[in-house]
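Shared chain: chain A. Partners: chain B in the first complex, chain C in the second.
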Partner chain A sequence: MTTASLHGFAKARKIYEDRGLRARELKAEGKKIMGYYCSYPPLELITGMDFVPFRVQGSINEAITKADSSIPTIVCPIIRSSLDMAMKGKYDFMEGFVTAHSCDCQEKFCRIWEHELKLPFHHYIDMPHVVRENSFEQFKEKLIMFQKAMEAYTGRALDRERIQQEIRVHNRQRALVRKLYDLRKENPPLLSGAENLEIMIALMCMPIEEGSIMLEEIIQEALSRGNGPGEKDTRLMLWGSPLTETNLIQMIESLNAHVVMDDICVGTRHYWADVEATSDPMDGIVKRYLSEIKCPRTFRESSSTFEEEMESRFGYLKDFARDWHVDGILLQSVKYCDTHGYEVPALKAYFEKIGLPAMYLEHEYTMAAEAQLKNRVEAFLEIIA
Partner chain B sequence: MADKEKTKKFINRLKSRNIVRPMVNKMYAEGVTAANEGRPLAWSMVNWWEGDIVMRAMGVTPVYPENYGTVCASTGMAQKYQAICDAEGFPTHLCGYSRNHIGYAAEMKKLGKIPPDAPLGGMAEPTFMLGSGIACDTRFKWFQALRQYYDVPVWTIDTPSYDHTEDIDSDIHEHNIRHKVKELERFIEFLENLLGKKIDMDLVEDYLENQEKVFQLWWEINELRKAKPCPMHSRDFWTLMVPGYYMTYDKDALNLYHQVYEEVKARTDAGIGAVTPEKYRLMFAELPPWHSLDFFEKLAERGWNFVVESQGYHPPEPMSLKTGDSVLERLTRWTYWVNVGHIRKAKEKNYPLFGPVQYYYNWAREYQVDGFITHSLLSCRTATFWLPHAANILKEELLVPSMNMEGDIVDFTVFDPDLVLKNAEAFEESMDYHRGERKRKGLEW
Partner chain C sequence: MKGKYFAGIDIGSTMTKVIIYSEGIRGQVIGPTGPEHRHLANIVMEDALAQARIPFEAVDYVVATGYGRINVPFADKQITEISCHARGVLHFFPNAGTVIDIGGQDAKGIKIANNRVVDFVMNDKCAAGTGRFLEVIAETLGVNIKDMGPLSLKARNKVKISSICTIFAEQEVVSQLSEGIPVEDIIAGLHEAIAGRAFRMASKLKIEGDVVFTGGVAKNTGMVKALESHLGRPVYICREPLITGAMGAALLGKELVEKAMESGKAIKIKERKLTTARVF
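Right after this comes the complex of A and B.
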């Protein structure tokens, strides 16, 4: 079955269930697919070169059988799973692969990927970990290198006007995603957290403009359908490392709670900030990707006191919690994620200070631990109630 | 008799290494004294020298919590500090050094003073903390997290991830060095504002000149280790890491490396090895089990000589990168070069390129190793990440087999020396076999 006859929720569900489906169709039509990892490779430059961006992810449902010969088991299981799937040919429609220095594991993983997969195009975007004036200059140099590498590979130049046009296309999609998130401000929300994650993942596996059309359809369907997620007592926000499946949210929503907001990189982190219009469009892209994505991989200058620093690092979460009427926060991270792990005590302390209960869940990227996690979430919901 | 056998040593350690212990003691004592006298004290990540020299020239005394992790591991105190860290709510999979230090810091905060049982007199409360973007995310997230205990400024010197860019753009080194110089300029501004004084660049240059001499000697010492038999065991390298990483500004460090050089040279000239007989030449990756270093005696007893090790902690190759000549450029260029020089060298020698595992490839050939021992660390993803990949490359390209030993830099409970010894016997058969295979395929050793 192709995706041509599908629309809205049904299309998102189909692509969520078979991530490579649309990419394979497009490849058969002669389109070129560029895989990317995490939220940091600037998609405007990828689509500007007429590649269809495809977000590479792992799968909790697929046993890791090949990648362990190249990556130790004590590193991020999502990265291990992603490489494993690639080594098994699950991403064989990709012409190239782009990664960025979003975290230490990813920096290393991309070299192993390059060695194992040997795709026609491979690029690693080095990016600063701090946000200073010279960091922006440095990152701009690296993005120009990325642009030049794609130009050399394709034999065609990417001009300023095309980048500006791509910025508009991507910003339009971001605006639609924000509109989609607004549907969960309602009580009861018009969309479940699991549905939302399905849509986000599907969006990352299809062309941008096609994804925007799908988003418009979904928003209309959600507004007009009568069978939304229904009434529940507790509204939660989910923070943490990437989720590649909906199972965790489904488990939470099988209890007396809605997941109404998130701070994860297959959600708000990926879509929230627009690229500002700047005379050199690369400047807007640099600013957006280096400083506006709120991932703990970025070190932000320490303010004069720790209290002020917490506010500057986590204040946006307070705004999310207020606007989405959140009752509690679930901090979750896959095991072996250092950038999220170090954040946990300070973040818990921050939420405690602003009067929001928070609980940390660490999981192993396997379905096996679900019962135990469910017990903990149930206990947390009882505390909130 | 049994006691005598127990204490018998099979590694011929360098006598000059004995100079190191008083230097380490001095380093920790200086930190406590500085704090007691109201002088600025920094908790600093290893920053591959660039930040250290700047801090010293500003009158700051740095102490190094990563090194303190090795001290606490070897004295058995790390278990206690790690347990405190766990109780503070940090995930247990985090870096062992950081868990040790966070636990130590939480304990010190609770007591309101340096814990009385802290090894080597402990580390006093810092004036600021210096993180680093080199090597791993932990090395800036850790200090960011510590600010909830000590509300002092945290600065991070960022760095490009060099080894990915070598093939892409010939101008990239210039861009990267320019960025690193700006990072140092910002750091100096930060220090000048914090401490209310100006930096003495002449002093920076003096320290840098001393450091460049240390690098040269340290590099020459390691070159001598290519001799057969190898005159210096990895255990001595690990002992020498402290002055080489934290004291390169210091004339005492230069004097130490002179003495080490003379001793290693004399051994080389006389054909004296660190292990006799040297049946197998081993390369060790990456950081050792600091809590169980005597274990290497058991391997030495079998004729295993560890001839090269710990790629992240070797001195840079002699400099062949030309950028500008300002003091800050010179300074930061060394920090940059330590991760780029081996790739440049591989190109010069027409070796195939293997990115971040290039060090191991170069060394396996140059030190003519029989085996590659990988020490996978439960709590250090950075040091462990490359190990299977590096082992695959060495096996495929050079017919050098590998053996993994599981353990940790801090946590001794996850290291099983008996298991390693059991595996060692089978590994010797593999090394013997591959020796024959290399010969058959025309490799140099």
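Right after this comes the complex of A and C.
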């Protein structure tokens, strides 16, 4: 089945269920697919080089069988699963693969991928972990290296006008995503948290302009359909590590709660900030990707006290909670995610200070213990009711 | 609430507990949950009804709790064991601030403030440090589980058990037995290991107020002593430490009915039948 006849929610569902579907169709038409990991490789540069960006993810529905021969089981399960799927040929439509030094796990990941998959093009963006004056310069240098590597590979140059044009295309999609999120400010929300995640994942597996058309269709459908998610007592926000499936949110929404907002990289973190228009468009890209994505992988230097620092680091979550009428926060993390685990104590202290109930929920990269997780969420809902 | 009857049923992994409440406890029965999860829950309910001398139809509201609470055909509402334990404990100990519950397959800590649950922690991924752990080791040692507490109090040099994993601890115990270490010293060491683990888990909640110890493991005097030494304060234990969840379920049901009556709304009663609950 092709995606040509599909629109809106149905199209998102289809691509969510078969992530490589659209990419395979495009490859057959002669398009080149560039796989990327995490939210840090600047997509403007990838689309500017006429690659279709494809976000590589793992899957909890796929038992890891091949990757264990490559990397030990102690590492990030999402990375293990992603590599496993690639080794099984699920991403065989990809021409190249690009990662950034977002979390430390990914520092080595690109090389392992290159070693195991041997794609025609691989690139690793060694981006800084801190936001200081000179980090911007450093990051810009690395992005120019990335651009040059793609130019050398394709034999085509990427000029300023084209980058500026790409920035407009991506910013338009970001604005549409924010508009989609506005639909969950309503009570009851006009779409469920699980539907929202499905759409986000689908968007990352298709061309940008096509995704924007799909978003417009979905927004229209959500506004006009009468059968959105019904009334529930509690509105939750979800923070944490990447989700590659909707299972966790579906479990939460099978209870008396809606997930109305998120702070995850297959959600707001990926789409929230626009790239500012700057005379050298690369400066806007540098600023956006280094300092505007709110992921705990970034260290933001501060000379203030712990309390003051928390306000500057987490103030945006307070704004989200207020604007989306959130009753409680689930701090979720997959096991072995150091990046998110180290952020939990400060977040708990912050939410306690501002009086918003928060619970930490740790899960395996399977849904094997779903009953226990559900019990915890249910008890949390009883506490905040 | 004169003349009204409320039932609470707590279907745990090992035991099912039922309370029939009407201005005091009218029926209280503890029976096995059965090999097929929830299989015998309705029989425990029948026994409790017989004790209270009322037919099932006379019960005004039924609340189910515990891991087996889902799909129980004879309950009006399901509430988690976290809320139910806390409510039950408050009935027996109004000044309770922290509950430590160690049951057949899990252990949990609950923090209470102003008569409400404010936080909780759970160890529910494996049976390490729970009643099941003690059962397995008792079998290895050839000791009746009921005798473990009193035996451990006779220990002179309690051993150090380094692993809390049931399988590894069992191996450790076997090797200690072969070294000729007295059984009571080994049991005291096991209690120390479980109590230490429960204490560290509950400490995440910043233990405050009276500490109440519930669940089947609270019947073990050796465990009580070991936990008290970690806490540095006495723990409170109900006469029947298994019953707090069912008691809380009955009382929360009663409060729901009262609230509905006050607001003039009829409470939703399901079309319930006292039959076997089945998972599959």
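The rule is short, and it goes like this: the second predicted complex is superposed on the first by the 384 of 385 C-alpha atoms of A that agree within 3 Å, B and C clash if a C-alpha of one lies under 4 Å from a C-alpha of the other, contacts with A are read in each partner's own complex, and residues count from 1 in each chain.
The criterion applied here is as follows: a residue touches a chain if its C-beta (ideal position, glycine included) is under 8 Å from a C-beta of that chain, and two chains touch if they have at least 3 such contacts.
Only a predicted model underlies this, so the values are computations on that prediction, with no experimental measurement involved.
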Partner chain(s) touched by A:Ala63 [first = chain B, second = chain C, both, neither]: neither
Which of chain B and chain C A:Glu137 touches, first, second, both or neither: first
Contacts of A:Asp126 with chain B and chain C, given as first, second, both or neither: first
First, second, both or neither for A:Val344, with chain B first and chain C second: first
Chain C versus chain B, contacts on chain A by residue: B
Partner chain(s) touched by A:Glu378 [first = chain B, second = chain C, both, neither]: second
First (chain B), second (chain C), both or neither touched by A:Ala369: second
On chain A, the residue positions that both chain B and chain C contact, one per complex: none
Residues on chain A engaged by chain C in the complex (per definition of touch): 369, 371-372, 375-376, 378-379, 382-383
Touching residues on chain B, where the partner in the complex is chain A: 88-91, 93-95, 98, 131, 133, 135-138, 140-142, 144-145, 147-148, 151, 153-156, 158, 160-161, 164-165, 168-169, 172, 175, 179, 182-183, 186, 354-356, 376-378, 381-382, 384-389, 392
Residue ranges of chain A touching chain B (in the complex, touch as defined): 68-72, 74-76, 101, 103-105, 107-108, 110-112, 114-115, 124, 126, 128-130, 132, 134-135, 137-138, 141, 145, 148-149, 296-297, 299, 302, 305-306, 309, 333, 335-336, 338-339, 341-346, 348-349, 360, 362
Complex contacts: residues of chain C adjacent to chain A: 67, 79-83, 116-120, 122, 124-125
